[in-house]
Each structure stands twice: as C-alpha cells, then as structure tokens.
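Which chain is which? They are A, B, C, D, E and F, in the order written, and residues in each are numbered from 1.
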Amino acid sequence: MTKATTAQKAEILSQALPYIQKYHGKTVVIKYGGNAMINEELKTAVMGDICLLSCIGIRVVLVHGGGPELSAMLKKVGKESKFINGLRYTDEETRDLAQMVFAGKLNKDLVAQINAQGGRAMGLCGVDGNMLTVKKKESDIDYGYVGEMTAVDPGPINAVLDAGYIPVITCVGADENGVIYNVNADTMACYVATAVQAENIILMTDIRGLLEDKDDENTLITSVYTNEIPELIEKGIVAGGMIPKLQCCVDTINSGVAKAAIIDGRILHAILIEMLSNEGIGTMIYKGED
Amino acid sequence: MTKATTAQKAEILSQALPYIQKYHGKTVVIKYGGNAMINEELKTAVMGDICLLSCIGIRVVLVHGGGPELSAMLKKVGKESKFINGLRYTDEETRDLAQMVFAGKLNKDLVAQINAQGGRAMGLCGVDGNMLTVKKKESDIDYGYVGEMTAVDPGPINAVLDAGYIPVITCVGADENGVIYNVNADTMACYVATAVQAENIILMTDIRGLLEDKDDENTLITSVYTNEIPELIEKGIVAGGMIPKLQCCVDTINSGVAKAAIIDGRILHAILIEMLSNEGIGTMIYKGED
Amino acid sequence: MTKATTAQKAEILSQALPYIQKYHGKTVVIKYGGNAMINEELKTAVMGDICLLSCIGIRVVLVHGGGPELSAMLKKVGKESKFINGLRYTDEETRDLAQMVFAGKLNKDLVAQINAQGGRAMGLCGVDGNMLTVKKKESDIDYGYVGEMTAVDPGPINAVLDAGYIPVITCVGADENGVIYNVNADTMACYVATAVQAENIILMTDIRGLLEDKDDENTLITSVYTNEIPELIEKGIVAGGMIPKLQCCVDTINSGVAKAAIIDGRILHAILIEMLSNEGIGTMIYKGED
Amino acid sequence: MTKATTAQKAEILSQALPYIQKYHGKTVVIKYGGNAMINEELKTAVMGDICLLSCIGIRVVLVHGGGPELSAMLKKVGKESKFINGLRYTDEETRDLAQMVFAGKLNKDLVAQINAQGGRAMGLCGVDGNMLTVKKKESDIDYGYVGEMTAVDPGPINAVLDAGYIPVITCVGADENGVIYNVNADTMACYVATAVQAENIILMTDIRGLLEDKDDENTLITSVYTNEIPELIEKGIVAGGMIPKLQCCVDTINSGVAKAAIIDGRILHAILIEMLSNEGIGTMIYKGED
Amino acid sequence: MTKATTAQKAEILSQALPYIQKYHGKTVVIKYGGNAMINEELKTAVMGDICLLSCIGIRVVLVHGGGPELSAMLKKVGKESKFINGLRYTDEETRDLAQMVFAGKLNKDLVAQINAQGGRAMGLCGVDGNMLTVKKKESDIDYGYVGEMTAVDPGPINAVLDAGYIPVITCVGADENGVIYNVNADTMACYVATAVQAENIILMTDIRGLLEDKDDENTLITSVYTNEIPELIEKGIVAGGMIPKLQCCVDTINSGVAKAAIIDGRILHAILIEMLSNEGIGTMIYKGED
Amino acid sequence: MTKATTAQKAEILSQALPYIQKYHGKTVVIKYGGNAMINEELKTAVMGDICLLSCIGIRVVLVHGGGPELSAMLKKVGKESKFINGLRYTDEETRDLAQMVFAGKLNKDLVAQINAQGGRAMGLCGVDGNMLTVKKKESDIDYGYVGEMTAVDPGPINAVLDAGYIPVITCVGADENGVIYNVNADTMACYVATAVQAENIILMTDIRGLLEDKDDENTLITSVYTNEIPELIEKGIVAGGMIPKLQCCVDTINSGVAKAAIIDGRILHAILIEMLSNEGIGTMIYKGED
C-alpha cells in the first residue's frame, strides 16, 4: 500500500465535511461487541474513533455487553455456562459475576482507554440513575436473573452527554426493588437509541453484513428497508440470532431513529468509514413505506 | 422502649431545623465501610439516610471500598490474599478482581438500593471522567497495582451532583496510560472532600470513636483539634491503622474542610444522629490554632 | 411523656423520608389563621415549621388574614365592626385599617419571625406585582370595599419563590384603577393554590376537622371526596362558615390541586404531622369521581 | 403657556437620548417624601415618572417614609407625637402604628398607583428578605423603637429588580430576634443606594435646593463637592435637618455612588427634569478631591 | 415657534409613557429610504431616533435599499440604468455594484452613524447567516440578477438583537449555490417583519400618506383596513408603485403583524411622532374583518 | 498519484484526532489573502476548510482585505492607485471604493460561499458593533483616510461566534465621529487575535515561508522564536513587507497568542495541513525566552 501524500491527506480530511455536517450535534448509539472487543488493535482503534466522533461534535453513546469475558470468568470460578434456547441461564452467582465482569471490568477498562486517548468518558450501567426499568423475563421457562426492559429514562444519559462526557453503558439493570438482572446488550442499545432519539444506531458484529448468499461476501446487501425484512427472513437470508437483532432494529427505526447500520467490526476504523465517508460498509436499514 | 407519640415525632422533626439549615446546599463526603456495609439492616438504613440527606438539599457524595468482599472473592477463585505491612499486595489478577468487586458488584448494588428507596444515585469510580489521576505507589517495596493519587478533578462529581444524582464512588483509578490501580478508600474520600470543597467528611468505622482508654467506651473523646493529634499518637491513643486515617483527616481539614467526623457505623442511623441532632456520637476533628 | 431516645429521634427523622420525597420541589399553599395566629407558642412553632418545609425543598406559600386583630384595631380607634350576613361591612376607614393591620402589622411580623428562625421570607399582598385582579363584590347589598377576585397572576409569587424566599401574602388587592379592596383570605389561598399549581392546600382552623357528630371529636371524618360534599351539607355535617370554605376547596381540587387538608391549628406542629408523617390529623379532601 | 407643536414634542423626546443612554441599565435610588407625597397631582405625576424611568430600562428603587401620615394616625387614636432632639420617641404602640402606616397603608397605596399606570411594582420594607439588619439606636437617651442600620443585603432588592418589578421600600426593619424598629428614611435610602451600587441617589424635598441666601431662591447652589460641605455648614448655608441629610449623601458618594441630587418635589415632573434633561433643578453633590 | 419651557418638556416626556409601555420588548421593523436617506439632517435625526427607540427597550430592525445611490454609482462607471416595467434590469456588473453600494457603502455608513450617536448597530445583508433564501425572479422577462425571496430565517436577526445590537439590513441575498441577487427592499422589510413576528412595520416614504385627492394633503387617509384596499385601488387612490407596496403590507398584516404605517420621511422625527405620540402622521393599515 | 484506499482514508481521519483535540473549543484567527483569494479553486477549498474547522468545534475568525480587487475597481472608474512608501494614498473617493469592494463585494461573496458549502457565516467590518476604534494614521505624511487601530472590542466577534456563526471580517473601521478609514488587514488580524485571545493566528501568503536563501525553497525555516526575529532582519532573511508583518506577529505572541503561522496559500488545503496534521508547512513563530 502506497503511503498517502500530504496533499491526499488534506483532501481526504476535506472530503469528510458533508458527513461531519450531517451528524453535528446529533446523537449516535454504537453497540460495541464481537471481535472488535477482543482484538487489542481493533479495540484501541474503536476507542480512538469514539474520541474523534465525540470531539467533532457528535453525541456518541457506547453500549456494550461481554459474553465471552463472562464465560471466561465463569470457567475461572469453575462454573459451567448453561444455555437454554440460546439464552444463558443466569442463577444468582452468574448474575453477580456478569455484573462484575460487565460493569466492573469491561466497562471501566473501556472508559480508561477512551480517557487515555484524550476523550472524556463515564461508565454507567442500567442501574445508574435508574436508567432502565427491568423486570424478570416473562416466559414459561425460568431463565433466572434474565431481565426484560419496560422503560428507559434518557435523563442520566443526557445529563452525562450534556456535561461533555461520553456515556459507556453496560447491560445490567434493576427492578423496582433493586434486584439486578442481566439484559441483552443489542436490545438495550436499541431501547437507548429510541429513548435518546438518536439519529443512527450502529451495531458492530463479526459479519460483513447481510449476504444474499451467506457463503459469498460479494453478495453483500448494502441497504434494506424495514418492510423487506419479513421476506428476507422467509428466504432464510436473515436467520438465527440475526432475527431478533433485526427485529429490534426495525422497532428502533419505527420509533423514529433514521437508520440502523450493521457493520463489520473486524474492519479497522469501520465506524469512521460508515459515518464519515461515502464508502459502502455493511448493511444499512431504513424505514420502508408501509 | 416506649413508642414515640405523634407530638414527640413532630417535635423531633422540628428540632432538626437548625441542622438542616446549616448543611443546606453544602457538600458532605461520607466514607462508607465496615459493619454498616455488611449488615443488611444497617446497609438499608444508611442508604435511606443518604436519600434523606440528599432530598433535604445536602449534596452527598458516598465513597466506598470493599476489602472483605474482595477477600471473599479471592478465596472463591482459590487465590490467597497477601499483605505486606498491612497493605494488600495486588497482582494483576487481584487488581482485576478488586475492580470487579468494587466497581461492578458493590458499587452498583449500593446504587440499586438507593434508587429502590426513591433516591437517584449514579455509580462511578476514579476512572470515570478521569476523576482521579493515579500513579503506581512509590515505595522500596513493590505492592503491585496499588496506586497513589496525584490529582482529583471535581468536575465529574459536580456534574453528577448538579444533574441531581448522588455520586457513589469506589476506589479504583487509572494512570495516564489507562492502567488501572487500586487506591485506599479512606484516602480517596479525603481527596474527594478537598476537591469538592466539602463542608464535612464523615468516616464510618466499627469503633465508637477515639477513646482515652481503648477498653472503655465511656472514655470517648468527643472532639479533638488537629494540633492535638501528635500528642494523641505519642500517647498511643491513636495507633495502628488509625494513624494514617487521622493524618488524612488533618490534611483534609487543613485544605479547608471544616470538620471530620469519625462515627460508629454499627449504630443505626449514625449519620442522621451526627448530622441532624445535637447528640454526641463519635469523635469530631476540628482545625486547631497553630 | 417519656423523653425520646437518640435512637428514636433518628428513627423518626428517617421515617419522614417518603413524605419529604413526595413533596420535594412541589408547591404547597398554607392558609394560616385562627388560634395558631394568636397563641405565641403556636405561632413560633408554625413559623419554624414553615422554615423547615422550605429548607427541605418544598415551595411554601403562606396566606393569611387577621380578622380578630382588625376588630381589635377598630375598637381602638372607637369604630364598631359591622357585619351583614357574616361579611364585614367595609367603609373606607375600615378598609384603610384592614390594609394597615394585615399588610403592615401582621404580615411584616410573620416575616420577621420566619427570618429570626433562619428562614428567608418576603411579605406581599395582592397589590404587589399586581398579583390579584379584584373588583367590588357584586351583590344586591353594598358591602363597601369588599372585593372579589377575577384573576391571579402567579408571576410575582413564583419570582419570589424562585429567588429563594418564602412568600407571605395577605388578603388585600387592587382593582384596575388602583382602588384597594379587602378579599377573603380562605378564598385567596384557594385562588393562589390554583394559580401556582400547588400540590396541596392546607387550611389551618380551630376545629378538629369535619365531625360526623359535631360534639364528639372521636367521630372525625379523616377523608372525604369532592362528590360527597353535597350530601355532607344536606346532612348538616358541613354547615355555616364551613360551606363556602369547603366549596372553595372543591373548586381548587377541580382546578388540579391534588388535595385540600383542613387541619387543627391548635395542635403543635400540626403542619409537620400532616405533611411529614402517616398520622391522621384533620380532614383530607380528594377529588371524587363524577 | 403656548401648547407645544408636534414637531417640538418630537424634538424634545429626541433630546432625551443622551440622558437615557447614560442611565440605561443603571440603578437609581429615589427617596420620595414631602409635598410630592401629599399632593395628589404631584403624587400621580411622580408615580408616572417612576413608570417611565423603569420602562426605558433604568432600575429604579423607591424609598419612602411617611411622617405626616403617622402623626395623623397617632392623633386619630388619641396619642400625642413626642419628639426628643427632633427624633420621634417611639414606644411600642407608636412603632406598631408606624409599621401599619408605612408598610401597610402608604407602601401598598404607592404600589397600587404605579400598577394602575401600567408599571409593575412590589412593596417591601427592611424586614422583607432580611434586607436590613437593625439594632436599637445607641444613645444616652432612650428613643424607644428607633433603630439604626448595621448592614443592608442588596439580595432581595436585586431579586425584585431582576424579576422586572420596581421595589418600593419603606423604613422599618428588624433586629436578629425579629424585633421591629423604625429607621430614618433618608438614611435608609442612602444605605440602599450604597448596597445596590446605585449610579445616583435623588432626595425629593420641599425646598428649591441649597441656597446661598435662604430667603432668595435665585441664590440656588446648583452643584457642590463633598469637600465643600464642611464650609457650607460652618457658614450656616447648610443647617438643621439638612446637616444629617447631607452627611448621609457624602457617605453614599464616598462609597462609590456618583451623584446625590437634592431636588424640589413641589415641581411637577422634577425627577424627569433632573434625569432626562440638561435643565438645572436643585443641588447636585459630587465627589470632591481630597 | 416659541421655545418649550422646562415644564413643557417634562410634560411631553411624561406623555410618552403609554406609548413606550406599548412597544417595550416588542420588535419593530423600519424600512428606511427616500428623502430621509439623502438629506443629511434627516438622516442624522432618523439614526438618533433609532438609537432612542433601541435604548428604551424596543427591538428595532432597520431595513434599507439605496436606489438613487446605485444609479449615481452606475453613472460614475459609465453604465446606464436600464428599467423594464419599472424594475431595474440587473446584469452581473450592476448586481456587483448594487452589492457594493448597498452592503459596502450605505449599510456601513448607517451603522457608523448610529454608533457615533451612542447606539450599537451591526450591518448585515440577506446573505449573512443565510438569512434570506432567494431564487432568480420567475418571469417571462429576464430581469437578470433580480431575486425573489422564498424563505427568511429570523435566526441571525434575533441573534444580533439578543446580543444587544441593532440590525441594519440591506437588500441582497444569495441562492443555495451562493449566487447573489438583488431583492426589493420594501418586500424584504415585509418578509423580515413576518419572520421576526414584529409588532409593527413602518415604511418611510416621500409622501404624506394615502390621499383621497392626490393633490390635496388635507385629504390624508389616516387609517385604512386591509379589506378596504381593493376598493382604494379600484378608485385609483392607490396606484402605481404604491400597489405592490400596499399588497406587501397586507400580506404582512395577514401573517400576524398588527399594524403597517406609511409615514412621511421628510418630516423631522417622523418615527418618534408615529411611535411615541398620539399625533396623526401618515396612513396606518390595520387588519380588516373579512 | 495513487488513489487512497478506504482503509487509508479512515486511517488518515483517525490520525487527525490529536490535532482536533488540541484546537477543540479554541479560537483561531485566519488572515486570508493573496493567491488563495483570487484563484477560484483555492478559494473554494479555503472556504470548505473554514467550514470543516468550524464544524469540528474550532472557533474560526476569518479576516480579509482585498488590495488587488480595489486596484481593479479604481481602474474601472478611471482612478489611478497612488502609493507613498508602499502605503496607498486614500482620498475620500478611494476610501469609499475600498469600503464598497471590501465590505460590499468581497466580504459578502465569501460569506455566500461558506454558506453554500453548508457553513454559517456572518460578514462584518470593523464598524459593526463598533468593533474597532480607529483614528487617522499619525504621520508627517498625509495618507488620507488611512487609519490606525487604538482598541478592539471582542464583544461583537464573540457574540457572532457564540450564536454559532463564523465571523468574516474586513478591514475598515470608524473613528468616534463615525468617519470611516481603511486599516491594514494583517495588522487588523493581529489585533483581533489578541482581543479574542486566540490560540493561533494563521497568515496566508503567497510565499513558501521564511527562507534562508530566498531563491531556494528547500531552505525553508520551519520554526522561529520571537527573540530570533531581529537577527533575521539584520541578515536580510526578513525584509521589505515581511518586516511589519512579522513585527505584528511578535506583538500578538507577546500578548498571549501561542503561535503565529505564515503559510503558503497557494497550496491546496494549506490550512488543514497546518492545523490537522504533523506535516511541516510554512514558518511557525513561537514565543522565545528573553
């Protein structure tokens, strides 16, 4: 790869203008996870990108979980992860460990990394400022301390943004008696995006985006409308864990968020490419006419 | 104990007026720990007291550590606690577990309990908003990830207070490269009190206060001046772990905080008694003339 | 009466939390009068209670008249009080004396007493800031300078509250030509409560509350709904001067104020008991379903 | 007197520009009293002038007493006015009547008249918001409830001005126990002018100004410097009640108020002439070089 | 003309009170032009009047063109003015000269004169802050760079007013590509009045107002309702250039501006007479009932 | 030149982070002139760069003159430019034309171009808001309407910046009588930088920077300290028109502005390269130790 000349660099910066203008003063929610959270180089790059977006006047909210790290911790204390229908069965000990790993380790590590790059982050979870109202998941099966959200108060998030900090939020919340539950991070990101009336939500994943042929990255679907999703599910293009993820995006868009982007977190600076250039990366979901 | 009559209740409320007037709009830092953090009844009462103080217009900042809970966690993962000169040697794994227990488990549990009693708390640690600047403890002995504070930015704490939330802060912080260290919770409370220009600092302990005769609670020293401390140390009335605790109080008072109170957290509603009544409880430290 | 222990005192303070939370930041209008305005011990206690409520974040508005003091003044200048259908006939001289006694003597005395207890009060009447729009009472009978309110501007009251002062307001107002009239203090309190969108209105009286049997205080009606009032009037449980007082409460509740409380001002700290405890005192009026 | 033409009227308005610019946003304290307070035409004109000054962006504070009205009231209740060394001996009954006449009758009447001309006034006394700190006058002779000021808090006055109201303030205040005293209105106006850092103080009197020859109005001294006052006293040009009045002006000017004006309240619109024209009226006092 | 006495002057100032109260805090748009812009004495007087209105709390917006000065400039560079249907054909060179004369010379000269009289003005044109959205005039005939407005953003005007400056605005604007056009100053004044929700618009002209008989100034029509305009046009009382001017006034009034005044700029202080007195000057247009 | 890949583009954007952080919320004054003002491609690029800097949170102030355009205009009206000691002799006609060309044509054209690229600019000159206080240049030689600055009020500039607009300011100002003068644009930029307490001042020129050997661009001096300037003048490295330009930079740095940059406006995006990269471009001037 040839090194860019000074002139090229300046030109590239100047080309970002319309994108910066578009998002200036707007709120963007980024669900951070997957490879980009494990690979150190990618992690550093993402935290730098968050700093950049925040510094140029975009209100960035970072939401994260940490399934693999929790599994590692459970293993460490000699406890096996147990899944029912793809959902982790969460007994009290598991809930406690999740709370520790998510809100204590990962959350504060991310905050420290953003700060070390000159940003100003504040680490929160759904309990802080009573941001999330959660109750035990309603189901025939008992999943233990797995919660579902019933309300999101944008107050604490906006207070942190207004004070000039980047909120980094993880996926635990409490019910009205103060009992703490785990919640799904994707779903939480979507709820938060709706509550703060975000311009966009970006979900970082480990896939290239939606593919017509799942084995061929050249068949990437670059944009899709909400009303086309049912057909994509029927055809099997959207399947498995992508179904609830997309359904959640659809709800978010229907609540007024303009766009959901499913991007490939394995690509360096994927967020910058998505937000500050006209390059196609991942799959964009827009509101379709009914 | 005879039940108080309605008339007595009203009289008692009305007697709190001068104390409420005194602290109205002022900041008070409370170091929470010891028995009051382990006993569930006491914990619930303390969280209720915090709610009450906050609700009547006092800017309360709660600082906490969690040594016993960390020891329990270390035991759980089969790791022995190792102390050098009374300081816990903190290897990377211990640091990670401390971060998890303090910032993930205890901190968010306290926040959840305050919120469940109708308060509005936000859980932070020294990393958030880059509140603490920390470096590895300078010493001939290597204590691992034990840090010492070099600066405290009151910005994040005041932002949270100004937005109407009670900051609940735990004792981890990061250096300028984002490396996280444990810090001493008592010391952190004192630094925070100085940074936010608190009116008072209250340290909850498991002792009745300073005692002339350590075996006789009737010899409680109810107040002491900073310039009398050296003599108390010399006499052995202040000894062991109380020496650095008191030294820290002296520094805080010298920086402009009007009073430090060492109170007995084993007494129900000890904070309310100390702040909203004329009853003697524990030992007060005031600035002495040089 | 046994003296309360320190532990009891702290417990009692802590029990006030839910009530303080309920009223925090809300506006409460208190109509002050009767015995509590004449008895010095009661007066001092009421002014202290007002200070306490204000200090813990409740926006208190005190409204008062002063019939007995006016009668005394009239007697002093050798003028007889003249009543028609229970309303004082108010010639120009009587109007002037009322203005002097209410706005000059009683109002400023109350302000001075609140201030002497550490509060910050400001004494106003309906003329100040053109708060009340008044016109001569429409009636077949000429009552002289007896006015009726046609509008209340909450502006001056809110300005005083927002600047951190307790408004103490008395019952005179001016018409559009600057002619001053007396108005009824109960009615004024109700109008003010509606204008400032108060949470509650409290009317201090010299009775225990509404009684099923007017001669038996054990028959106190602790709560009543607005739609039950007509029946109470029919039954004679509400009679005489209580009829317009209650009608005024009903109007206030219909305008959106949640509760009207008729309390016995002869009981020490009656306001604190009513607002900060779960003890029954007096009669509460709530909105009834139509 | 020939009626002014439209062209003349417009010209006169336009000539006021530099004077309006000079006082715009500045605070001016006007001590109102004498004939201008008794004669109805003059009173109406003064209240209109106050409205005008306030409306064009000048922060006007009106201070008033009411000696003649108090004497009339005392007479009415059959009580003789008693003076010692020119000071009214003020027993408790007299103090109460003063409070009633000043704060209840005159103050609210003035407020009503300003409001009736479209202004927005609020009537206060030194008790309100604890504006004045007063103590019993120190003297070998007991004057009763005659107070002297020890401090003035500009807070309540500025709060009222900032909220867009004209403060109309009368001359009673309380000591720290809430005991009310009369204070001298001229002195109070001077203290208030200092506290609010007024641009000017205007004292309305019933004389043409300082006269070289007290029997010849043509010998009016139009301006005088503070350092010339002692000589004027020595010469007898300033004598009697004018001595304390002028001394008070000198103190006010020494505290930073630029000018004191002694004007003749018997002249219609004297305030407007003094403030918005280049016409000489009364005597101006400026700071003299030491 | 007899010189006004001091008493008359004061009386005249005091008579302005109700007019000042009426306009206080309101926005007034003044279209400045004609003789008042050419005659130096008139110009100085108008700028002084603007200062006065601004200083007494009226939000004044001055809008101006400069046809005669542009014609002079064109002549200077040897270019003939060319008119089609009364509209100046504006080629690129003419447009550039208009921009220079209007925005460079006249606008800044007016600002300098207001400032020299103690006012605080800021000179703008429709390009500044993208205040006007303009497009090339739609017509069968090509008028060159003659634009018509499609939108007015009150933001820049209010920003300047809120910062305490008098906006002086001239009649050029740009389309979305940054191409600059001339617009009609009368029309622009009307659009601006609508955008800033002005209380009044005043159009300074060189005529006495609408006349029943155009040759007899004694037949001045002092007020007219919008619904009477068609009849006036039909009768020929409104004719020629007055037709679009009046139509524009009608639109402005229909958009919520209370009054349009066509006044004779040849009269000294015509603006003050119109705004601050009850003297008839020119023709007022009010909203007529449909 | 090879086209940059998407990955390179993202990398380049991410590398700008520390520079954006450095200038975020700071004020930068850019003196615009020379080739970059004549060449259309360069002009468009500069206006885009200004938009970018403004959009990412830098408070940009653009200052410009327009000598060549004025000369062209003078020629057009058949008037010869006359220079004395390198300074244009400015008679009244020349002054008028300068005002028209600078404040009417160039200023508004620049504003229109910034706006057309999505920025929000407001065009001002030194007369607006009385920003500059100017007097006739003191000299033995009469230069006509050539002024020198005696004071700069940052108020109008900050008001425009605070309202979210980019101030574009040209080099004419008025004396206290409203007489308009031309001032030197470089000097004005320096004065403005001092008044607004800018972080940096950037002077766009048509040279590569200071050169050791004026004929060899490879001898560019990339940085110089203020205390080295005298030697550079002595050596002839700084000569001619560069002497006053540099002297002005030195004064600005001495007043607290951290850096002056002399950059080559002929290079595309020279401002972005200077501010957002670590590439050397032009000559930086820093404060030298005395």
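By our rule, a residue touches a chain if its C-beta (ideal position, glycine included) is under 8 Å from a C-beta of that chain, and two chains touch if they have at least 3 such contacts.
Treat the numbers as computed from the prediction; the structure is a model and nothing was measured.
Interface note: chain D and chain E, two copies of one sequence, contact each other through mostly matching residue numbers (shared numbers exceed half of all numbers used).
Centre-to-centre separation between chain B and chain C, using Cα means, comes to 44 Å.
Remark: chain C and chain F have CA centroids separated by 68 Å (rounded to whole angstrom). One finds 56 Å separating the Cα centroids of chain D and chain F.
The set of chain E residues that touch two or more partner chains is empty.
Taken pairwise by the contact criterion, the protein chains form one closed cycle in which every chain touches exactly two others.
The chains touch one another to form a ring, and the order obtained by going from chain C toward chain D and onward is C, D, E, F, A, B. Residue ranges of chain A in contact with chain B, taken from their complex: 76-77, 96, 99-105, 107-109, 111-113, 115-116, 120-125, 127-130, 156, 159-160, 162-165, 172, 174, 176-180.
Chain E meets chain D in the complex at residues 1-2, 4-18, 20-21, 24, 45, 48-49, 51-52, 55-57, 117-118, 267-269, 272-273, 276-277, 279, 281.
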